[in-house]
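Shared between the two complexes below is subunit A, which has subunit B as its partner in the first and subunit C in the second.
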Partner chain A sequence: MFKVLRDLLRYNREFLCGTLLVSIILGVVIASFFAPYDEMMTYAVIPDMPPGPEYWLGTNSRGQDMFWQLAASMRNTLMFGIVVALISRVIAIAVGLISGYVGGKTDQIIMAFNDTLGALPNIPILLLLVFVLRDQMTWPVLALTAALLGWTHDSRLIRSVAMSLRTREFTRHAAFSGMRTGQILLREHLPYVMPIVFFTTMNNLIWAIGLEVTLSILGFSDINRPTIGGMIYWANAHSAMVAGIWWWIAVPMVAVVMLFIGLFLLAMSVNEYIDPRSRLARMGA
Partner chain B sequence: MTKVLEVKPAIVQSADVLTIKDLKAYYVNDLFGVRREVRAVDGISLTVRRNEVYGIAGESSSGKTSLIKTLAGAIRPPMRVVDGSVNFTFGNTKIDVYAEPEKMKTARWQNLSYIMQGSMSVLNPVRRIKHAFDDFAYRHMGLDRQAFRQRVQSHLQKLGLDPNVLEAFPHQLSGGMRQRVTIALATVCEPEFIIADEPTTALDVLVQQDVLGLLKEVQGRLGSSVVFVTHDMSVHAAITDRLAIMYAGRLAEEGPTQAMFDNPQHPYTAHLIASLPRIGDLSIRKSLAGKPPSLANPPSGCRFHPRCPIAVDRCSKEVPEMLPSAIGGRVACFRAGEVSVK
Partner chain C sequence: MNGFLIYVAKRFGQFVFVVVTGVTLAFLIAHFSPVDPVEQTLSLVTSFGATDPRSVEILRQSLRELYGTDGSLIEQYFLFWSRVVRGDFGPSLSAFPTPVMTIISRALPWTIGLLTLATIIAWVVGNTLGAIAGYFRDSRVMKVVGLFVMALQPIPTYISGLTLLIVFGFLWPILPISGGAQLNLEPGFTWAYITSVIQYGTLPALTLVLVGIGGWFISMRSLVSNIVTDDHVVYAELGGVSSRTVFSQYVARNAMLPQVTGLALSLGNVFGGAVIVEFIFNYPGIGKLMVAGIYAGDYSLVLGVTTFSVIAVAVAVFLIDITYPLIDPRVKLG
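Let's turn to the complex of A and B:
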């Protein structure tokens, strides 16, 4: 494992860049646990200070240090993204593999449901739920809702691969040797779709973070809890751009773009590594 | 000592491992109220004895693969067993494949293994070879991990394979090695019955010879029975003890391979054998006019009669039965032994 990482860092430039970007973000996230002030507290420091030696990323009009705000926001936003991605991955893999392998009526019913859900617009549904639930709409509930909406594309993708795998000789061989359906799906088909799962996880993470940012900017989340979107919401509420406090908007934007690019580069290079054929091609075999 | 050796084969020879009685398996399509039957296996009876290599030959689409899928119990819709029975005898247990599917499940791989057609793709491309052994054979062996690994390694060594192949992915192996790995995979549980569906078709002649030798050796060592299917008559001549010729879903002839090559009884067998090139013989091989009939709408009577050079009136009206032939086998022809193709 360690050797694999070392080789990837040494020979794969995309992986190196991705690792650097993501580790900067992760470093900031870890720093959030050592924050000197409560992240919810306002007017803890002098407001509207530009970035400088004392306040690295400046302070905002609510008297919060931007660095510690960013740290807490990144942690919360990333947490949201990961929870959404994990839950939706489990659903997407299960639905995709089962639907593709079992086929027939089961497949038709599952896919009808899948397509219906996929055709529904996500943002309006989430907005509606936010209005209905109001105070009960905590971030775990929001994450669960987003996860339940975010698996349909990927399950279709996985299903298409599973349908092809079903007719391959090794599946028939496995079935003949007496492996149960669950075993075939987990041990024969899951490794095959793993690169797709990995790549879509990264995509889904990016999508989930984007969703969180969108909802928070519009103010449809707990606005006192710092998140990337929440930071931009407050900056807009205080007309930061008009007031000339550009760093209030720039800091969360740059950070989230760094995270997106870092995740994308990681996804790309690890995806290439997971597929033994492209791995060997890179090694020159 | 010699007496024992004489007696033993006699006992072994008499035991039938596989008995098929009047087996009929059709592909049944029911689309928009129109029922279509493709009679891929149409009334076949045969027995396979212990410790023999039983060949099944025939043209493409003569129902070879359908027959062995049916006897392995590995069919799925739209294919259906319409009539007849398939019985295996493994040691003291008798299994009726279609009456006792549960018993059959436990027998698979342990007693009955299957080297599938296109076995180049039998190995999962994203899993290491050792995982294929884990997945397919581990459950059936009843050994702990350590002992199982050792057993697999020694088995590979016996087949002339480096145990390092266990760590390899299928695409890192050559075609011949992959084929050998699949044979190792099919024989690691030391099954009594092995079905080989065209295992050498995609290989070149030299590798083919290697693989055939390997299969024959494994079969001899385990004392198991092999049903070997291929359209390549020269492979049958090299490896099989008894041979069955299939034509349009039925058996045309069955008998000891050597005798059949020397003295074919059925006109179809005669033409198949005559089509084989011989070293030094420069004459152009005659091919039989026409092509195999559609199995959805087969000809009446003997299915071979439209192409048969010695057909008589009776052939198009009556279905010939499988009757004992002059060379110690069975043949389904009213004019058995009358043909001579040179």
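Let's turn to the complex of A and C:
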């Protein structure tokens, strides 16, 4: 594992750039734990200061230091994405492995359900839920809902690998030597799909964070809790662009673009690493 | 032809399944909501002045019938279905008593026009560029194009839209950034109105295209670069078939098949993106209607738009699915 990572860092430029970008974001997130004042506090510093030596990223019209605001927002937004990604990964892996291994009618039924869920447009359903729940719509509820909607594509990918594993020699060995189905899936098949799981996790993170940003920008989340989308929401609410406080909009936008491109590069390079054909092409064969 | 019928029947089954699940989901979510549309309308009506309790009671009863919140859960569910089939989602609360369906049908052409155009452009441009990049792997130009397209791909719709809005609305104001067409023009097939619609639609469509291209580009490039090494392509090249024919007939045609399936699968997401784009550019479509409905607390409008968009997306997916046999003759053979 570590050797693979080291090689990727050394020979794959995309992976290096991606790691770098994500590390910067993680650094900002870690910094949020050392914030000098409460992140929910308004008018803690002089409002509307442009970026400078005292306030690195400026301050907004609500009297918040953009740097600390960004740090707290990044932490919350990333937290949301990670929770969604984790829950939906568990579902995707379970469904994909079981469906692929069991096969037959079970597989057909599971996949019909899978495709149905995948064909539903997420945003309208989430918006309806937000509308209905209103103030009860806390971020864990939203994360759970997003996770329940966002696994279908990945379980299909995992299933396709599990289907090919099913007919391999070692699976028969395991079955004949008396391993239970659960054991075979967890101990024998799971390691094979891990690279795909890693790749889809990055994409799922991007999707989940995009969802959170979207809903917050529309004002459909707890707007007092700092998030990346929430920062843009407040900037819009104060017409930051018209007022000339460009850094209020620019800071969260640049940060989220950095995060997205970082995650995307990681996903791309790992995907390329998984695919032996592109690995050969890279080696010049 | 038999294979084609079986294929269509299967797709239709899937379509029905998706619609039933979506409508049921929308019903259940709405049913367990703390918002009661009847009480909300009542308070709206009674706030204009004193009304005697008896007429309030009569009003409540007729409103219950209007919104279909009478009877048990099962009864309400079937009532909801009969309303969905008839396309009757009750009156809108914020534009009382205009029926929700009238409001939706007013917004629908905007969304359909914007989405169809943007999706087709993104699909065609993304796939063409991707195919060229996959076929000419060593081309320097295509590498630069690839880098550019891939940097755009992970950026969410909102950020791209907002960036375009800032660039073309504030920094270099050459395009209109809000609305569907110039307000003082009479809608119709006049030259002025059509150019105005195109002008107003440019930025929203551009946003959707920019967001959409990357995905098609990446998957098409990898598909093509795999097909290029296939035996039938190598054979054709060795046999002296012109490289233009090899590219269009032997490579691109095969690579297109999964991309059509991908288009059907991605429509749900594309629609989600459209909601955001319409909100940013204040475009008078379904998405903006939905967001406005939520802000206004308009129960029947939000439920109507959600149900409608679930069905509309399913119909679009179904239509794309049944055109698939036209480009893949293998389906006809069954």
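The criterion applied here is as follows: the second predicted complex is superposed on the first by the 251 of 285 C-alpha atoms of A that agree within 3 Å, B and C clash if a C-alpha of one lies under 4 Å from a C-alpha of the other, contacts with A are read in each partner's own complex, and residues count from 1 in each chain.
Assume a residue touches a chain if its C-beta (ideal position, glycine included) is under 8 Å from a C-beta of that chain, and two chains touch if they have at least 3 such contacts.
Fair warning: this is a prediction, and the values are worked out from it, not measured in the lab.
When the shared chain is aligned, subunit C comes close enough to touch A:Val213, but subunit B does not. Shared-chain residue A:Val84: touches no atom of subunit B or subunit C.
In the superposition on chain A, A:Asn122 contacts subunit C only, with no contact to subunit B.
Looking at the superposition, the partner that touches the larger set of subunit A residues, subunit B or subunit C, turns out to be C. In the superposed pair of complexes, A:Leu8 makes contact with neither subunit B nor subunit C.
Residue contacts after overlaying the shared chain place A:Val130 against subunit C, while subunit B stays out of touching range.
In the superposition on chain A, A:Val45 makes contact with neither subunit B nor subunit C.
When the shared chain is aligned, no partner comes close enough to touch A:Ala71: not subunit B, not subunit C. Of the two partner chains, subunit B is the only one touched by A:Arg187; subunit C is not. In the three-chain superposition model, subunit A touches both subunit B and subunit C at residues 275, 277. Put simply, subunit C touches subunit A in their complex at residues 14, 17-18, 21-22, 25-26, 29-30, 32-35, 137, 150-151, 153-159, 162-163, 166, 170, 222, 226, 265, 267-269, 271-272, 275-276, 279, 290-291, 293-294, 302-303, 305-306, 309-310, 313-314, 317. Listed in rising order, the residues of subunit A touching subunit C in the complex are 112, 115-125, 127-134, 136, 153, 206, 209-210, 213-214, 217-218, 220, 229, 232, 241, 249, 253, 256-257, 260-261, 263-264, 268, 275, 277-278, 281. Taken together, the subunit B residues at the contact with subunit A in this complex read 72, 74, 105-106, 108-109, 114, 116-119, 121-127, 131-132, 135-137, 139-140, 169, 171-172. Those residues of subunit A whose C-beta lies close enough to touch subunit B in the complex are 168-170, 172-179, 183, 187-188, 191-192, 194, 275-277, 280.
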